[in-house]
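As written, the chain order gives the labels A, B, C and D, with residue 1 at the start of each chain.
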């Protein structure tokens, strides 16, 4: 932490702050500036929010954090990039670029099995599908719940694709872990800390989507929650942030990929479906996601988008998904990856 | 819904969309424009996301929602403003401007009892304090949990103030309902739909904070969730949204107060502590919140802010809270309210 | 500046940065931390962007500015709040709360004279009206230009109200200064530095609106531009910033008022017309602006809003402006101001 | 336009709005809905802001624009993508991916000539360099002005690279046109409509950067300004928008590339230097920009970034620029482009 004193702060106020820093167990180094004085603290900043409270002292202009607050998710303790093993044949974070595809919602056994076959045939590695759906409206389709999980399991068995599905309620952990290969935490639950803690205690890989207004720091702190509670198999996913631009549903923040790579060893995906919200933009942003260095893509596919129970506007039809899988190939190669 | 066709869309594409609308159970009215055609749909838009999927049809430029998606929270079905009864002596949403105050976190019995006495003496109507804390870092203080609830209950009994506390995990509903008078849903859980549904089934008033990147529409839809699941005693709270401005922790969106009042009958509070993030701005925004038409204020108070376990930088000391309670009096009167 | 070194930075890299700092004419103080080292610089940071370039050194994690970059606009050199004199009878920034009102655009002599009479009668102190209009579309009405200035002058003379009008092009300074009492710089030109410099050389009071995506720091730096070029009579105006919220045209950032008051001695207005974009929200936000500590309000008034050449949706009719002037009175009194 | 009436609007209010629409010269089509009525207008929406003012009528809930407001910049009148010719050997918007590189500011003749030689050798097609600089602080280096233009001309002649430089003040058009091959309009001047109009009257290609808080619609409307005033040789550039994320200087909005391509025939560049603000992220986002479909890149290069007069933190050294030019090659090929 750096504590910046106000220009007009008195010597007594400075001394009080220095004493306050010592009382919290840190060392204080004062730099006497030409306009104002600043105090650097030295010590373990794990409890940094206590230092933040120093702003309540008289004479303090502001308190500036210096260190990244994450440890387990950070590159300082673990320099090499992590791979997250999904099953004996599939890992995320290595040379292989991993594609997760499927519908937003599981609607029926026929639908999910047929979709799984299509995406498997076209080259996807993981099936996605929602059984418990976070819907903005209580009147929208809320998902098939455990029945949906069973349908996903059937589709998974028929195609050999492992499957990922979203978890919203800590009460559902057991039932979802019984079926799913990867647990997804959606953007709206990225800071549902109760859920993060309980997920930390389970043994499945976790796919953590960035909250739509979360900074990258907060994103990595949510990964830290899961890791600090015992589960290190975390895959990150950039899926668009909320900005003033309304031509797209969200603004896909591809800057976030190299930023995450700089600070964290965890693998990171890009979701161009949510990141744009319109099927006709998905292809271009999928290519960009590969080029910027993502470890994989999550893409929504629906065999009849206009009748989808949710997110039809951003879902690719079979034809469009086939085009995407073809169009990304040269970019996968350019990125030195394999499919 | 209004479906806007692309300028170059063919007659067949238009017909397909019209048929698609009919298939979903709506009527379609085509307006043939000079540049492009638009189709208005008539019918119950409760399942509006299905209509949104019409964007997947060839030739569709965009789909524009027209109706507000909320019903129970809206003014159309209930024109007069709602009052939410807290206990026999206190209601929210009437002429009385209600003040909820206390520390961010319950730290000890002594702390919360002493704080409760101070805020009661200075005119607060409800005691606030966190027992289960949503903290960005897993290494930060996470709250005293049930022990904290007991301390709050003691403080409540010693002062006669009802108390409000945050709920994060559906598993905690029973224990929190056993002690608390009002359940708070924090900004990070505003779209934790699992939690909203379960809260909808309980009988306590709910204090719902706006998510930091939630639109007002989404905010009211979260209220709708709780109401649709059976609990109509919802109090809203604007607490700042996330913007590019970093001089303050959040940007308090006071526009939201008259917007909510226009569309909803529910009472709404303002939280100038989170909305600014710095104690020295709280007073001014508290005054503004009253002037703009809020039904109450939530203000963080800590007797020793520099040693607060959380949010010390934005907490008012006793002296500063006393100043606030004095400074807001003429504005309460100007607003035609009582304290 | 604080230069934060990467955890793995070598001693040589640290030494290089220290030398780089000295080469730029600053002193360097190193704090050896437990996780990483930081370097504080001491010296005149007027050329701070050069220090920012230190980020290009190997081993540097980031460069954190500490000091506010403004001087003339800041409170450090001038502690007491400034008053800007408009004419012998009117000053901005004192006890009197100043109301500037009128149409978005001057449309005809009859219109502006009639409007001026209405707003004067209802208590406004300054007439506003645009003669040169910044319109998003080249096909929209662009203003009456010098003819509009003459109409404004006539309206001013008939009512005794001084008038304010926007300047967009440095080439128009002479003609506008010939007629207008106050020069307005619109939000879109807040960082039109060429214009700011030329305005700095003229002798009229300047009304500087905050850019819709400008931080408060940048806002004060634009004031600094005008002041550094010789014109200290700057009045600031918060008029809404751009956020994700689309229920209102902009998000009025009332936090900005106490922030500006903390760091600057300049007076600041609130514009609830642009800040909300809808006439039915103007009244509430005008009240809030007064309560939060603004020195005045700018409010758009049009005698027939539905036929306005621009901004009709946010303009108050005579009836609505009369209601506003009545409704704000108790808040002006509560704020210890006069009208 | 679609005018949505309030649910409780009376028949008289509806009739008034219909009459108002007719008075403005449009046809009105009413759709009688189950919850509320909506009115579609038919006619030339060139003066759309007048229709927006219909919101001032009693009973109107909101006014929703339907049509894109741009014509000359849009794809409806001109379906094929445009190429902008720079000189006999170079065009923008064709198969060739065009690289514009050089320092933020021209600092001396030696500096700009040496840099031009480096970027020419490494494959850049256009030299960039600022002679008139928009700086946030009046105390920062403001550029060498005409002397800088002469140095750029020398560097251009010695390397054969055409050069681009920023124009800020309409008064500088003649002098800049005398030397420069392409005129740049910076992000802060994207809505400096006076400048856009005057640029529209000159004969040089224009490089228009997106404002940091401008929607894509507004961006294309600024291009429309230039085109409507007579200059059709407009090249667009996405350079990052302002969001809450502070790990990067701006958030590069790569969604904008396919959105612009969908609605406009104009070529569009990506500027990963400003779009990230840190040299170590430029390479990844340059690759992404190519993959997403940009027609070229603008990249800041400085031979000694730590001593740059401006933007050193985001400038590539010779070594880093060489790495970038090498790394993008396979992506240019994957995109079906040539260098």
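Some points to look at:
Here, a residue touches a chain if its C-beta (ideal position, glycine included) is under 8 Å from a C-beta of that chain, and two chains touch if they have at least 3 such contacts.
Owing to the predicted nature of the structure, the values given are computational and were not obtained by experimental measurement.
Comparing chain pairs A-B and A-D, the larger number of C-beta contacts belongs to A-B. In this entry, chain B maps onto chain C through a rotation of 180 degrees when their C-alpha atoms are superposed, rounded to the nearest 5. The distance from the centre of chain A to the centre of chain D, with each centre set as the mean of the Cα atoms, comes to 30 Å.
Centroids built from CA atoms put chain B at 25 Å from chain A. For chain C, residues that reach two or more other chains under the stated contact definition are 213, 242-244, 246. Contact residues of chain B toward chain A in the complex are 20, 46-50, 52-57, 63, 69, 132, 134-141, 168-172, 188-189, 191-195, 197, 211-213, 218, 221, 224-225, 228-229, 242, 278-279, 305-313, 315, 317.
Looking at the complex, you find that chain C touches chain A at residues 2, 4, 7-8, 29, 31-36, 38, 40, 42-45, 64, 66-67, 76, 242-244, 246. By the touch criterion given at the top, residues 213, 215-217, 241, 243-248, 251-259, 262, 275-276, 280-281, 284-285, 287-293, 330-331, 333-335 of chain D touch chain A in their complex.
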